[in-house]
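Shared between the two complexes below is subunit A, which has subunit B as its partner in the first and subunit C in the second.
Up next, the complex of A and B:
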């Protein structure tokens, strides 16, 4: 029974990380219609930027996270503005461009930081110990920050003009543009927000797990599964699906062994995609 | 002769001739490195053909490694069980992945293109896990080693020269299948590529042609998998990593998606270049990334499309000086629409 509770706590903690990760991915598809293959690379970039800010510049961890996340956001902003914007209507072209950017970013990290995992640890150690369970403080901090960030995204999307404009663009780009909303001004910002979310996840999670140049692919796969499960473009769906995936992963790794659980999850996602392509929770954004 | 060429298609004929020429590799040299690179290029071309077939309908498939694995493992298992005839093995390597692709394609290709991309990506991940989780059938993380050499009318094809000839034979078959498919269904594929909704409203059962393309692309990838297994003498999960699909997509896109020569040219140049810079192998992915961005951004027809454009322009300028500026670069006119 204790193992059961412990796995549940791990699952919720994983789910919060995944929600943060998948939110950016689903926003990008919902608003821009872009399948962002560079999402995993931005996660890795967030981790390495934070590592560099801590160990090269000597910044304290929270400041390093902020610097890293803002830099990654700026990178995303420029990438959207310069590279994606001219072909933003063509999903195949944007897919290939983000895939190319993923390869470039991953290689750049490899060149700058080398193939070995650097020594990079979460600054807060220790844990709450109870009878049969054990929660590291780091997990709790990440959980809290994830919750805050998810709440902030909800507020931005539903309570600000920026968010309303983005949702209008997601609904119908042509009509929104006719109403005076400038996609060219807002899309790079939306892309930057999504990038910030990926980088923030990377900055918080890689010091707890591991930091390596090639993490992007597995992160990308996880994002894919969550957004398919939650419905492409849906923020609420992605949040719920992230917790579902996190909890299923935690329990299956305890009771089934890692890769069998992953295989089961993959097959569930594939079946859902075929039977209910809009995902379990429908879609808030229409996309394109 | 002219009518014959027109019927088959110039680019298609060129590809078939090139595939036939591939049989000469073992007779040209005894250089092992040249053998190895030629073999890699031939396999890459087959895999890129599989990508190309789907690209003709504006669909990007990440599942090529998955179908290669199905074809390669099916042939390896058959060979381990005593079936060594090279033609039978080729048939198995084509048929098994095609059979898997049929129900999957029928379900998934009714959905929008985005979902197809995601399904193919997840499929190649699933297959990796599946290979590790079924040691009884696929040898798990050990793979299948000690595959007996294939036989050609009783002659063992175990020597490296014969392995090359086998790969050349597989390449020829894959080329003919790809050329025949993209020629025979050329108009339907083009209609889907150009405007799917319009094609559908004009009565084209879009879904059916997509499934046909997917099944054949699966089979062609399976042939590539068999060639890979033949070259390495083992079937191993690492040969079919899901991200290797990205390389095959790169070959097809950089070579050019407008002509069947594209995957051939792209695979040849990129595999050769990767071998040239093999001491910096870890950076080749970055090079691929730069090339993809460049092609999508600046030269949508890829190498072949761009070369065609300049060739046409040059020919027109020669016959009529002053003309030729109105020719739009390949792929550009479609962007504007």
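Up next, the complex of A and C:
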């Protein structure tokens, strides 16, 4: 029974991390129709920027996280405005450009910081311990921040003019533009928001695990799977899918082992997509 | 109206002039010897690939400092070409063919078992000598006469390391954890057998390479109540995360690493020796030996920067030096079989690693393994007991 509870707690922790990560990816995929291959790289950038702000500038961790995600957001804004926006209608071009940017970012990190993981710890240690299970305080903090971020994104998308404009552009770009909504002003902002979310996840999660230049690839795969499973452009769907993936991964790994656990997860996702090809919650927005 | 390309010619000319002016300075050498170095230069095992690359570059720099390598009547400048084989079979196979297209007949590396599997048949076809550091069960063999091995495998040193660990720690059961590909299974299974041979109950856990959060794997391992958890050949970044999460989960038993080097990263991740507590590991070379240690100082003097904190660097230097010596002895860089014969005939001696022997006959069926003494490191109750040498050169 204790193992069952422990696996459940691990699954919820994983789900919270995945939800935060997938939010940004679903914004890009659902709203802009951009498959952002650099999403994982921004996760790593968030981690390394935070590490640099703590180690080199001596900032306290919360301030370092804020500085890091703002810088990452600025980087994402400029990248979208200068590189992606001119070719935003060309799926292949945006795919290749974001893939190239992923390679540039991860190689730059490798060159600047080296291949070895630096010493980078979450500032809060300790855990709530029970009979056969434990919940690190760091995981609870990430869970809380995930909940806040999900709520904030939902409010932005459904209660602000910015969010309404983005949804209109996603529904029908030509009509929205004719109504006076400027994609060139809004899309870079949307990309920046997505980048901030990826970087925030990296800033919070990498001190709990390890910081290394190569982390972005598996993170991207997970984000992709969650967004497809949840339904393109569905924030609620991505959130629920993140927890589904986290819990399935935890239980299958604990009870079946690392190899069989990964296989079980992919089989379950495959079955769900066969039954519901548009994902658990279809799409609230239709990308152009 | 001016053609929009009117600036192209003067810009191109300027670039060409600048390139020529910052190209390698004019060399006294008559010719060029290209030496390839292959390994993961990105990804979780990049620390190993980087160590391999820097070792080869150092050996080349040593030769060039003396005016070049004497090959027959010529003196050749040694150039090192790196290739990122990404710790994959296909990466290494592509690397072998890339090197062939560049006229490279000698490859230091690759690093890992999947890479060795990929490059060996390609290199045999292309006529290239390789010098891998894989711990695979078939790292070298009589069917690949051009494949050499620069490290002694776990089949040789795992038993003496486990026997020594048993003297210091109360070990009745162990979980050996590694990735679920050849780079993990070949080593973890050998390690587990070494534990079993010492009367220790051993189980193996495998995970998907690319995993970043090991919390579920940690929970699974802890459910078996092991006395020791051995990270075997898990890449350094993975082992570091596992160690961190194991200590966080309350596991206080010794950790071990009977696989490639990675102690520095594990220490970094858990926050030092006090937090790590009890840990034992196999080192490729006895890094506390003053002569071995001096290699890192020599690197800094010659290259002007710090050497990598990874002992694979030392065997890469030794392997590169041997290959260069063999090419010089054979008097040719084109006749690879002559260089192979010269290499086999050379004594395994290195100014830093000391005296070794060509081993591997018993394990692989061919004595083409550069066998130097290995090391066993131990941290006990948060105190570093150092790395002691274990002589395995008789096997």
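Structural remarks
In this section, the second predicted complex is superposed on the first by the 279 of 288 C-alpha atoms of A that agree within 3 Å, B and C clash if a C-alpha of one lies under 4 Å from a C-alpha of the other, contacts with A are read in each partner's own complex, and residues count from 1 in each chain.
The rule is short, and it goes like this: contacts are C-beta pairs under 8 Å (C-beta built on N, C-alpha and C of every residue); 3 or more make two chains touch, one makes a residue touch a chain.
On a predicted model such as this, the values are computed, not experimentally measured, just so you know.
Once the two complexes are overlaid through subunit A, subunit B and subunit C clash, as defined at the top of the document.
By the touch criterion stated above, A:7 is placed in contact with subunit C alone, subunit B being left untouched.
In the superposition on chain A, A:224 makes contact with subunit B only, while subunit C stays out of contact range.
Of the two partner chains placed around the shared chain by superposition, subunit B is the only one that A:277 touches, whereas subunit C remains out of contact. Of the two partner chains, both subunit B and subunit C are touched by A:262. In the overlay built on the shared chain, the residue A:97 is in contact with subunit B alone; subunit C does not reach it.
Contact with subunit C, but none with subunit B, is seen for A:215 once the two complexes are overlaid on the shared chain.
Applying the stated contact rule after C-alpha superposition, one finds that A:134 touches subunit C and leaves subunit B untouched. Of the two partner chains placed by superposition, subunit B and subunit C are both touched by A:110. Once the complexes are superposed on chain A, the part of subunit C occupying the same space as subunit B corresponds, among 43-51, 61-69, 97-105 or 187-195, to 97-105.
Comparing the two interfaces of subunit A, the one with subunit B and the one with subunit C have residues 106-107, 110, 115, 217, 221, 259, 262 in common. Within the complex formed with subunit C, the residues of subunit A that make contact are 3, 6-7, 10, 13-14, 17, 106-107, 110, 114-119, 121, 127, 129, 134, 136, 205, 209-210, 212-215, 217-219, 221, 249-250, 253-255, 257-259, 261-262. Subunit A meets subunit B in the complex at residues 29, 35, 83, 86-87, 90-93, 95-97, 99-104, 106-108, 110-111, 115, 217, 221, 224-225, 228, 232, 259-260, 262-263, 266-267, 269-270, 273-274, 277. If you check the complex, the residues on subunit C that touch subunit A are 42-44, 46-47, 49-50, 180, 205-208, 210-217, 219-220, 223, 236-237, 240-241, 244-245, 248-250, 264-265, 268-269, 271, 309. For subunit B in complex with subunit A, the residues that touch the partner chain are 58, 60, 107-108, 111-115, 117-119, 121-123, 125-126, 129-130, 132-133, 242-243, 246, 249, 253, 282-283, 285-293, 296-297, 335.
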